[in-house]
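Two complexes come next, and they have one chain in common, chain A, joined by chain B in the first and chain C in the second.
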Partner chain A sequence: MTVAAEGGAARVRPPGPISRIKQSYNKHWYAWAMVAPVVLVLIVLVLVPLVRGIYLTFTDATSDNVGRTIGVNHIPDTFKWVGFDHYQEILSGGDGQFWPHFVWTIVWTVVCVTLHYSIGLSLAMMLNRKLRGRTFYRVVLILPWAVPTFVTVFSWRLILADDGGILNSALGALHLPEPGWLSDTFWQRVAAIGVNTWVGVPFMMLSLLGGLQSVPAELYEAAEMDGATPWQRFRHITLPSLRSVSSTVILLGTIWTFNQFVVIFLLFGATGGEDAQILITWAYRLGFGQMPRDYAGSATYGVLVLSMLLVFATFYRRWQARGEQGGLR
Partner chain B sequence: MRRGIAATALVAALALAATACGGDDSGSGKSDGPVTITWWDTSNATNEAPNYKALIAKFEKANPTVKVKYVNVPFDTAQNKFTTAAGSKGAPDVLRSDVGWTPGFVKSGFLAPLDGSPAVTDTSAIDQTLVKQAQVDGKTYGVPLVTDTLGLLWNKDLLKKAGFDKAPTTLDELKAVSKAVADKTDADGFWLHADAYYLMPYLYGEGTDMVDAAAKKITINDAAAVKAVTEAKSLLSAPGVHKLDATANKYANMQDAFNNGKVAMIVQGPWELTNIYKGKAFTDKANLGISAVPAGSTGTAGAPLGGHNLVAYAGQDAAHLKASEKFIGYMTSAASQTEITTKNGTLPTRTDAVTPAVKALPGVSEFQALLANGKARPALPEYSSLYADLATNYVKILQGKDSVQSGLDATAKSYKKLVPTFSD
Partner chain C sequence: MSSATYEDRNEKKKAGGTMAATTAARPTAAETKHLRRGERSKGASVLLHGGLIIASFVAAFPVLWIAWISLGPDKNDFLHPGGIAKKMSLSNYSFVLQHTDFLTWFGNSLIVALGTTLLGVFIAASAGYAVSRMRFPGHRQLMWTFLVTQMFPIAILIVPLYNILAKLDLLDTYWALILAYCTTAVPYCAWLLKGYFDTIPMEIDEAGRVDGLTPFGTFYRLILPLARPGLAVAAFYTFLTAWAEVAFASTFMLSSDKYTLAVGLQTYISEHDTQWDLMAATSVLIALPASVFFYLVQRHLVSGLSAGASKS
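What follows is the complex of A and B.
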């Protein structure tokens, strides 16, 4: 080992970036070799399309002007660079779609995640007690998660059908108003939230149940001895003990719900429910659900959604870290 | 650069949690041995598909060097699926394509011209409007397989109970009959299908269209179109007309209601005939009345002339193309069309396919008489794209979320993006 003499003119300098990589390569070449295929696949499958997609947002590409070769027919690219036009049009509300869908997406995410978490937590707490047939209840409550989503959503579509749906038939029999669950904007949104809650609760319940089981029973016993009410025990023992589980599932739940494509797409069909579309289903409609396909517009929506989620995740993580530090004091 | 589509798709897929992927079924036949071509059929999978498969079997027997792989693709997703598949692996060699898709597909370079090939044998027997509808710049890209138009279908029994033995011919009569049916029976009089294609008769009834392709003008928000949509909307508030259905199931709901005698009149095309005759209300086939869609204020009834062509994908190699052309020629021949008509109740495109037996089929001759009112679509590549935005805004107008004028103005604004060279 050649280490410069202490106190000498040549102080120990941290190695430069190149030599550091070289060093690390010499030492860990096998690790580099191992990850190379994965890195390559990631570059091909994620990075290249991402860069290409971002590039497309600065053009006016549609399915009509993107070049292609079909047999003897060669059609050249004819789309052109338009700079920030798409961002400007979308963010200024010029397309008349972004902001309404944005507001609804936020409402949708907040309401859904709140319902997921609170219903999931209460079910988890119920199942965490020692009660007869606990396994049976667990299986029943996990079922909505085990059933393929499209089956769930199509079943709900039958239940919620405006005419002759089970729900409206029941409401009609009770002489209650029969809302248009699948045709009226407000009720479409209610229906979408309802179905997504149904689909999302089991995951929350399972995760929180796992968290609850790791809370030592002694804590509750001690609190009870000190005369803590059930609410106080919930607030001061259950919630703090679940903090790490909660923060993760809420972050995941938020991202999943924000991008919950299947429920909305299947519930209202490929062309229906325009006002109940969230950003992600709207981006799909722009890019794949219409003729000609608006690749540039769709990609712009995609990039905007991606950046929103990145910003959200960063702030959420930071906020969590601060909360945990605060908790230590 | 050509990877653009795939790259965009991937980026979108990044953001979108799930996208359905089409199956990969490229017709890769060896040069020796039989050539396998893939056919995407968009007909009804339960009623019509078996009869097409039977024809394929006959074709394969007559042409041992060609095998046909039959794939049924739902009509409402076919245009999108074909667009995705074209230009990459998995596109079919032959497609049953809506007549309205042809100009757009040609512009995109998806279709192979068929002139002088065994696909186009004798066009003199084919209705010339249909032949023209399959041509772009003088080249033939599709061979008409079936044709159709919209008509007013009515339940004779229900109308008789309401005191009518004839179908209404104007919108006012339609309202009167609807009211009488609802008053005297427990069925509704009329069901308005809230879809752009089914709005066309009302537009034609006022002498207008979505765009005037010849004059390069967007006409969807002119006075005549506003009148047409106002008329259509007024039907909904008329007594005896079924309340608006704007759900994703609206088409099936309408069809169920009609087939089971819960509604007396609908506007529909001949492609539903086999289904209707299976319905509870039409076990006696004579109970179905077929007449022209009620006329608008101009006094003339009009309906879009639809139908399907067989088209060949431009991306196949010479051997496949030859097989495809043979197949298209066979399927659109007079004998095949007679058989299709007899079994499926759809309308043939060749006059020599109309045998006395075909004429005697229930529903067919009535619908054939209506074809004279049929209006062909202009050869505008963007024309079939015009329906989508109109459908959305039409539903909003019918729901009362938007006024007729402002809803149609919004449609006109989005048309400006599709056909930028057209004047307002």
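What follows is the complex of A and C.
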């Protein structure tokens, strides 16, 4: 009797912090065991480098003064703390590079994601119709994603070559102007957007195709009975049904395009196309493409890029959540 | 489970399609004038196929183009692509296979890509399952962390990562790349797989628990087999990420017998003058395994991707 009563009383009493942790552990240790590998990898290889990278932005680290080991000799670090100097210089436009690259990066991202989404959606809608050879079209249309980007970008370099590239030869044969795709700043940018669009469409197309296939056909039938035009059906059924898929792929697409490294890096080589570089390739060039390597400057660019994306993602998700509760948790 | 519903729907669509076709084939006065619901006019069909043919051409052209260039035996044949037809040969391929380190690089890439795929998909799946099924403290933050990890510019990570790998004595080893690639591929795959697991009914887990399986047992024996399409997409994504990555590979692999293909290919550019013919042949050889892998999983891509995107 007394034992039972005591047990009952203990159960009613709110648990202390230690027993709460213990309960939480008992209840959730399976879950924690399953996420532990990811968390471990992310901490060691993402969080620690990130903290170290942020630390570097407050120093004047270059490849000359960072500690390194040559054979058996170890040279210690000699860089020193400089506080916010890098941020101040970069954001005030002192290095003459940040703001031009920033503007171009924004243009690049907006144009590329718009093209990715609109072309991807049109192709997905075409593939979603009943038609002969659908599998064939689908397989061919995914090729730009399936073949490694560093291979196809070389192919694009051959196609776009200023002298004797197939594109300019074709334009010449039609008596059209032959722009310097790989040498002229404006056309370099056009070429970069074109190639990146080509690379990015298949992912959007496939994701949206999956979304389209889950829209119940009855909705379209009902709308058609009510006399809705194709445009009305697209506007009021297709787009709202794709809402959650769209918001995810647009968010991911924006992040990936903002950080798209391979296309620009390989299209213009390690040293060319200075004005067509986006922030991320420019940061890589600061850190690895010159001597001495400016580790601190490169890391500062990296931190700025990361903060911009964080701000964007936070606002984007809040805006999506306001539009539709639980659309993208 | 979800793949079954997709297949079912496709089957239904196909069945509906053939039925519509047979009824449409019967020539009746009413039908020649008015189109039935779901049918297209001739013009619309032509437009639809025309659009898809143009898109397919644009999608395939660069791939076919480099394959074509690779058949030209001379270094400058890319300038006169028309001339290749007359002197087509596989000499570039035999040169690449016999006189370069291609096979070594190929082996390295294969080890790294398969290693990343195995390790990455495994840890992404278990994390995705935990986030999908268990409401543990921190699961929301974990999802947010996965998203944030996608934003990490390599420029900020690459130097510190280099130092850490040097301290762990992993530089110039396969592990350096496998682990580095896991950091980029795993968060996205965990996100994707979480969405996929969400489409598998909870009742299956419950049934497993009733039959005396542990949560791990439920995961391995019941859920993983059901999630095969999702896993295929995750594997495809991880493999491609690892197969095609350039920046980490060119920074962490120091000796030429550890180069991956992405790094090796660049030596054709830097050494001597650019050897486009050899590069083209190598490119084709690189593209082949990725395409084969892609062909094997393409059936699952649509359902796997959309489940990941819509439910996460």
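In this text, the second predicted complex is superposed on the first by the 281 of 329 C-alpha atoms of A that agree within 3 Å, B and C clash if a C-alpha of one lies under 4 Å from a C-alpha of the other, contacts with A are read in each partner's own complex, and residues count from 1 in each chain.
By our rule, a contact is a pair of C-beta atoms (placed from the backbone, for glycine too) under 8 Å apart; a residue touches a chain by one contact, two chains touch by 3 or more.
Since the model is a prediction, treat every value here as computed from it, not as a measurement.
In the overlay built on the shared chain, the residue A:D77 is in contact with chain B alone; chain C does not reach it.
Applying the stated contact rule after C-alpha superposition, one finds that A:P292 touches chain B and leaves chain C untouched.
When chain A is checked against chain B and against chain C, the one touching more of its residues turns out to be C. Of the two partner chains placed around the shared chain by superposition, neither chain B nor chain C is touched by A:V110.
Contacts of A:A321 after superposition: neither chain B nor chain C is touched. Judged by the touch definition given at the top, the superposed model places A:I159 against chain C, while chain B stays out of reach. In the superposition on chain A, contact is made by A:Q260 with chain B only, not with chain C.
When the two complexes are overlaid on their common chain A, residue A:V249 makes contact with chain C while staying clear of chain B.
Shared-chain residue A:E274: touches chain B; no touch with chain C. Using the contact criterion defined above for the overlaid structures, shared-chain residue A:V311 touches neither chain B nor chain C, since it reaches no partner. The intersection of chain A residues touching chain B with those touching chain C, taken from the two complexes, comprises 45-46, 48-50, 52-54, 56, 69, 161, 163, 256, 259, 261-262, 269, 280, 283-284, 287-288, 295, 298-299, 301-302, 305-306.
Residue ranges of chain C in contact with chain A, taken from their complex: 6, 9, 13, 17, 37-38, 40, 45, 48-49, 51-52, 55-56, 58-63, 65-66, 69, 78-81, 123-124, 126-127, 129-131, 134, 136-137, 139-140, 142-143, 145, 147-161, 163-164, 166, 179-180, 182-183, 186-188, 190, 214-216, 219, 240, 243-244, 246-247, 251, 262, 265, 269, 276, 279-280, 283, 286-287, 290-291, 294-295, 298, 301-307, 309-312. By the touch criterion stated above, chain B contacts chain A in their complex at residues 1-12, 14-19, 76-77, 79-80, 83-84, 86-87, 104, 107-110, 112, 244-249, 253, 313-317, 382, 384-385, 388, 391-392, 396, 399, 401, 418.
In the complex of the two chains, the chain A residues touching chain C come out as 24, 27-28, 30-32, 34-35, 37-39, 41-42, 44-46, 48-50, 52-54, 56, 69, 122-123, 126-127, 129-131, 133, 137-152, 154-156, 158-159, 161, 163-164, 166, 198, 201-203, 206-211, 213-214, 221, 224, 244-245, 248-249, 251-252, 255-256, 258-259, 261-262, 265-266, 269, 279-280, 283-284, 286-288, 295, 298-299, 301-303, 305-306, 309-310, 313, 328-329. By the touch rule above, chain A contacts chain B in their complex via residues 45-46, 48-50, 52-54, 56, 61, 63-64, 66-75, 77, 157, 161-163, 180, 182-185, 256, 259-262, 267-274, 280, 283-284, 287-293, 295, 298-299, 301-302, 305-306.
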